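Take a look at these structures.
Next come two complexes built around subunit A: one with subunit B, the other with subunit C.
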Partner chain A sequence: MKSIIFNIVFLFVLPYLMYGIAKKVKAFFARRKGPSIWQYGYDLAKLLRKEEVLSDFSCLRNGGVLTLSGVLAAAMFIPQISGSSILNLGYYDYILFIYMLSFSRFFTIITAMESGCSFEGMGSSRELIFSVTGEIALMMTVASLAFYGKAENFNGIFNAISNGGTEGLIIAIIASFILFVLMLLEGSRMPIDDPETHLELTMIHEAMVLDQSGPQLAFMSFSGMVKVYLFASFIISLILATCKTSSYYWLFFILGIIIISVIIGLIESLQARLRMVHVQQYILFSAAISLILLLSVIIFKV
Partner chain B sequence: MSIWQQPIQQVLILSLILAAGGIISAFFNSRVRGRIFAVIAGAVGAYSTLLMVLGIRGQEFFEYSLGSMNFSLDLVGRFFIATVGLGIFFSALYNASLSGNSRAFEQKNRFYYGSLGIFGASMLQVLLVKIDGTLNSALLFMSAWEIMSLFSFLLIICSDEVKGVSGKGLTYLLVMHISAAFLMTGFIAISGNPFGGDLYGFWALLIGFGIKLGLFPSHFYMADSYETAPGASAGLISGVMINMAIYGILRTFLVCVKYAGIFGYILLIIGIVSALWGVLSALAENRAKRVLAGSSMENMGLIIIGVGVFTIAEYVYNVHTAALMALAGVLIHSLNHSLFKAQLFYSVDLIRNHTGSTDLDKLGGLGKTFNNLKRSMLLGTLGISSLPPLNGFIGKFLLYASFFELLFNVESFKVALICVFCLVILGTVGALSLFVFVKLYSMIFLGAEREKFPQMRKAVENRLNSITLSAMSLLSLTIGVAPILFAYNRGKLTNVLYELTLNAFLIIGFSLLVWGFRHLLVKLNGSRKSPTWGCGYSNITSRMEYTADSFSLPLMRLLDKIFPRKENNEPVTELYPADITRTYEVRNPIKESIDFICSKFNDLLGKLQFLQSGLMQNYLWISIIFLVLAILYAIFSSSTAGGVK
Partner chain C sequence: MIEVKNNQCIDLTDLHSVPYDYFMDTAVAQKFRCMNIAARRNKENIDAFILMTSASSTLYLEYVEFKPGKVYPSIGKTVPSWINFERELAENFGVKYADNPWLKPIRFPKDACHKLSMAEYPFFKENGSGVHEVAVGPVHAGVIEPGHFRFMCRGEKIDHLEIQLGYQHRGIENLMCQGKIASKRVLAESICSDSAVINSYLYFNILENALKITVPERALAIRTIAVELEKAALHLSTLSGIANDIGYVMGAAFAGATRTYIINSLQSICGNRFGRGLMTLGGVAFDIDDELNSKLTDTLNMVYDRVSHLRNTMMESPGVRSRLELTGTVSKETAAATGFTGVAGRASGVDIDGRIFMDNPFYKQQPETKYSFIRKGDVFSRTCLRIDEALASLKLVLDILKKLPSGAILSAECGKFASNMLILSIGEGPRGEYIHMAVTGPDENVPFESYKVKDPSFINWFALALSVRNNQISDFPLCNKSFDLSYSGNDL
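Entry: the complex of A and B
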């Protein structure tokens, strides 16, 4: 019970802290001081206090709500700061995780299409196309990991990795690489999407929330941050499983979160956004690596 | 509980009542007719659902003979009977909600109910026949099957579309008969020794049922016939009737233990190709009913994948948990598909009745007019894109689970590769179907109105069709939230379904929580509406909206080789050009090649037309030449035969 509360509290703190750290790193590279690492939290709080402005065309109204609830439901299955997940379901919770993310994507897009703006249509179309490719990589990674541990849930995967020795380490590293690319895709970070661009034609995720405001926008932005946090937790759990840390797990976890945020910040400071045609290839590249993961798992196990 | 000991007799009687009800209701006037039939169909639907729910608890098997006709009923049969009962009921209810004053409408309506009753009765008969490999059972099965095909053809042609109905209907009838010919050949080939069977017999059965399902190369007729069919029958045919072919495959393939290995893999391959092709062709289409037809093909592909993994797990590797989950997935998904597919067809048909179009580039922004329809169709869309907490997710999840079970329990390179590949395909198909239905839903309901439809009134939805569609979506939601109803004491399957129930409550709970939070915030800070922001435009109109084409074109451009498009791009030559229309139309290479073969055959027949001169002398000459040739053939063949001896 204590660990569940611990997880839930940090679920509402760490996501925007990650974004804050990444922003700080970017500011450092631009020789600026940059905003405080809590700035994204203040922004969300500000948005929640604002009046909600909907488009004249909108008729469903609750898209942001359902987007956030899908992501929160997905957050129940991934082990987080306390080392265990909030809800322990016995069978195939990784499939539930993937489908909860799909659920939230569905409503993000429905909300975007509601406003009838062509930019949002464009953003939705792009998001869907990239998500199809991302789904290939994610499903192959998860299936390979599950096959490696013959694991029926996330806990089984991490147990198998921690008992796997060198094999486990190799698999954890390959899988974290793929998951990192997928994290950038789901969170719409560079080099797939530039969260700070001001040109609508190059946007993906930002184009979809152009017409959102107030609480709805807060829900949308927060669910993006939580998605990044969840993928980061997945990666950290994989890596920490190979080290067999039990005491001070939470300290290592926070260290991992900071490292991943710094890497995100580094990528964003050192690299430009990919051209739209190359984004597809970039994600397909991660799918190709997931094929390597699958083959190495098969070599280890069969 | 003695009344439940004779279910076969009861279903037979119900099917007779259904057939009689269709004919009797034709004698009443249009208002009463629909209601009478809906009541009868409602009784059948309620009974069949009860039969299924009671059957889940036991593993009872019933047999009954009437003269030389043998009937049997088990759990698989009960599931499909429930599918038929519910399908007929909702179709009748939806059709009863339509109204019209013209004479043509009256005639078609009468015709529709007459056909619907017999159609439903024949489907129930198909499900009751005991298929034991004897020729007798095959004949009984095929006679019911033929009645079903014939009446589905009649249901398709009682459409109010004037152009092309008869042609497309006849294509449908022809294809159904080719399928029936294959089936009959197959049944004859396997008759006598069902457990050994003839390999060619199973191939023939696979082709016959595959044509009915619209699996990969034989899907060319589906989009056309579903598009011309009236909505009430299109939903019934694409949702319910093609399940009969799934039933047939389950029944005939489960006895071919000897060839289980080969057919398991073949079914997997066909299923994968059909699912991918179906979802991509749905994505390429821009007319709502054709999108739904493509999605039917996709779902049938998924079900066939399920049958394939069932066969492999049960008969090749003996992994019973995987087989159980696959079979449960197949049954639940076919029930679900019959619900949400029919619902979406009825919704689209309702829209077509009031706007006169199913073209996604003309519709748009209808969410404000069709208030109830918007909500119920959102649930249907969630269901068909297999997202939690709706019913489509349950069947899909069980398929995933069966692959994982197989993956974990069999240590072999081949199985590992196949399972992971199939899991990836399932995921991709899921993501693509999300794409398809986001497009369908948002192009119909969201955004600005693209065209004003002058004949559309505010009160387009009457109470009956709102109730029908809401009931269908609520039934879908019930299955999605409480799949635990489908398993009783079946070990791991029960646990998995229990987990899905928890998961559904989880997502609903979170939605309510966040919804309450937003409600509170809106109450504190207020909410208002303002025009959409358009980057420089003060007011966005429908002309600036993203169209259905522009939504899917980036992906379809990548697939140009597989789904070629006919583009009509008029070049702009003047400074102030007049109206330019740009159209994209998806070509169907398979249909084109079949058309090509048919036209060549037609040409050949045309060249032989000189024989039909109309002169008696010429005909006499032809018969004399034929007789002489026949006699010569007889003489020479007998002499050579003798020589060999």
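Entry: the complex of A and C
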């Protein structure tokens, strides 16, 4: 019970802290002071207090809520700061995890399309094209992890990695790499999408929330942050499983979160964004690695 | 047709009008590039003074009378550099063209000759499956001026872009002809605020020619310094914008900070970061003393190193190059035919440089330009060219500062205002070829009967529309920034 509360509390703190740290790193490279690392939290609080502007013709008024609900449902199954997940279904929660993310994406896209705005239409089509490939990569990575551990849920996966020795370590590292790329995709971070651009024509995810305002926008933005946090948790859990850490797990977890946020910040500061036609190749590349991972697990394990 | 020189006063009584058909045949046969058309109403007719240049950069002036009600064949149909000037004449004076390919209002002011609504000039439409229309602006998300862009896209690919401007129209040319001449410096500086120096430079050139004032050498040196600093500042601000558009944070911050050093240098000369108030009739209002000279030299040397560093780091970064190379290409043929000037022309390999027309001794000493890249007309070429030109400008400023001529900064003599003259003033500014033309009135109460300004953006907006064809729509902001054209300079 204590660990569940612990997880839930940090689920609402760490996501925007990650964004705050990444922003701070970016500011450092631009020789700027940068906003406080809590700024994203303040922004969300501000948006929640704001009034919502809705078109008279809109029929889907709760897109943000639906999107966030999907992401929060996915958050139930990933082990977080306490080392265990909030909810333990027992069977095939990893499949549900992937589907819950798709559920939330579906509602983001449907909300964007509903506005009838050409920018949002373009954003939706880009998001779909890229996440279709991303989903393949995620599915194959999770499948290879599950196959490796003959696991029926996330706990089984981490137990198998933990008991796998060198083999487990290699698989964990390759899977972490793929998950990192997918994290950038889901969180619409650089080099796939530029979260800070003001240019509507170059946006992917940002373009889809152009017409959202107030609490709905807060929910949309927060769900993006939570997605990054979930993927980061997935990666950290994999890495920590190989180290067999049990005492001070939460401390290592927070350290991992900070390291991942700094890496995101570094990528955003040192690299130019990819050309839109190259984004697909970038994600396909991670899908290709996940296919290799899956095939090698099948070949060597059977 | 007479051959003219820059800064020349041409007596209007010496000019004789030629029939339009005869003029058109020569212009089309010789493929003259139209530089500017100054026009005025003469009773019922419209007097047009057409400034053009041949391929060998000789300036020609032609005087044509347009009669109301008569329909003229278009030169722009065969020589594209004329299209916009014909549109302008049609809009401002009601000249009728039979076959101009795109006779749409440029600025659409309320008192335009056509009493039609804007809805009667529809945007270019394309039909077919998968074709969709994207409208951007006139209100944009960034800190840029208003302008409307209408795309016809096929998926992510742009088929056609139509640019509709005019939201910044303030009637500069009419205001120039009204009221006292003393207040017009401020007006010239506000034609386009980031090229305030070059516009006031050309404006005072016209006045000084009309009053037969010779500018002292020291004043000319300080004017040249300001023009070149302004050019370097605009190039760096564009570089910062390009880096920002591709999400290259470090480049954006570095170029932006470097630009601040340059505009602060301008501020230390004249008290304004955009060089406003520096020029005055017969010279400059602010001198550069020895202390300021050494301070400027130190700052600009440091800026020079920083810009070279930008060339060696940002332009060699693989991520940056992959975004910039072969994006938004304008071919040399297109650039030459449409008459793009400045960065837009030179990056495509068209060597049009307004400085050859300027009788400024400091430009005569300039060595021939060496390009540090292959001129392919893409965003990469334009970005590299901007760095090259910023470096050349800084080098010239440092050279002038080293050997700053002594003497007065203001001319003491002043002649009588020349009436009934056509005065030309051509210069190379940050965006390309700037041209001011003035027709002086019969007496001193009406100093100008007509004042015509041409900002290079007026023609170069075409370059943007052509460059994005068959490119990804997500690359449009990058192409736009690489040209960095002026909205207010076009709208006047």
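Just so it is clear, the second predicted complex is superposed on the first by the 299 of 302 C-alpha atoms of A that agree within 3 Å, B and C clash if a C-alpha of one lies under 4 Å from a C-alpha of the other, contacts with A are read in each partner's own complex, and residues count from 1 in each chain.
The definition used in the following text is that contacts are C-beta pairs under 8 Å (C-beta built on N, C-alpha and C of every residue); 3 or more make two chains touch, one makes a residue touch a chain.
Please read these numbers as outputs of a predicted model, since none were measured by experiment.
*Asks:* Just subunit B (first), just subunit C (second), both, or neither: which does A:K301 touch?
*Replies:* first
*Asks:* Looking at the overlay, what does A:A172 touch: subunit B (first), subunit C (second), both, or neither?
*Replies:* neither
*Asks:* Figure out whether A:F147 sits in contact with subunit B (first) or subunit C (second), or with both, or with neither.
*Replies:* In the superposition, A:F147 touches subunit B alone.
*Asks:* Thinking of the overlay built on chain A, is A:F29 touched by subunit B (first), by subunit C (second), by both, or by neither?
*Replies:* Only subunit C is touched by A:F29; subunit B is not.
*Asks:* With both structures superposed, pick whichever of subunit B and subunit C touches the larger number of subunit A residues.
*Replies:* B
*Asks:* May I ask you to decide whether A:G121 touches subunit B, subunit C, both, or neither, giving the answer as first, second, both or neither?
*Replies:* both
*Asks:* What is the contact status of A:P215 with respect to subunit B (first) and subunit C (second): first, second, both, or neither?
*Replies:* In the superposition, A:P215 contacts subunit B only.
*Asks:* Counting only touches as set out at the top, which of subunit B and subunit C does A:A232 meet: first, second, both, neither?
*Replies:* neither
*Asks:* After the superposition on A, what does A:I289 contact: first (subunit B), second (subunit C), both or neither?
*Replies:* Neither partner.
*Asks:* Just to be sure I read the superposition right, which of the two partners does A:I157 touch: subunit B = first, subunit C = second, or both, or neither?
*Replies:* In the superposed model, A:I157 contacts neither subunit B nor subunit C.
*Asks:* Find the residues of subunit A that appear in the contact set with subunit B and again in the contact set with subunit C.
*Replies:* 118-119, 121-122, 126, 200.
*Asks:* Along subunit A, where are the residues that touch subunit C in the complex?
*Replies:* Residues in contact with subunit C: 26, 29-32, 118-119, 121-122, 126, 190-191, 194, 196-202, 268-278.
*Asks:* Spell out the part of subunit C that touches subunit A in their complex, as residue ranges.
*Replies:* 132-136, 141-142, 156, 243, 245-250, 252-253, 257, 317, 319-320, 322-323, 327, 472-478
*Asks:* Can you list the residues on subunit A that touch subunit B in the complex?
*Replies:* 48-60, 62, 64-66, 68-70, 72-73, 76, 87, 89-92, 95-96, 98-100, 102-103, 105-106, 109-110, 113-122, 124-126, 128-129, 131-132, 135-136, 138-140, 143-144, 146-147, 150, 152, 200, 210-211, 214-216, 219, 294, 298, 301-302
*Asks:* Could you pull out which subunit B residues touch subunit A in their complex?
*Replies:* Subunit B residues touching subunit A: 364-365, 367-368, 374, 378, 382, 385-388, 393, 397, 400-401, 404, 407-408, 411-413, 416-417, 419-420, 423-424, 426-428, 430-432, 434-435, 438, 441-442, 445-448, 492, 495-496, 499, 502-503, 506-507, 510-511, 513-515, 517-518, 521-522, 525-535, 540, 542, 544-546, 550-552, 554-555.
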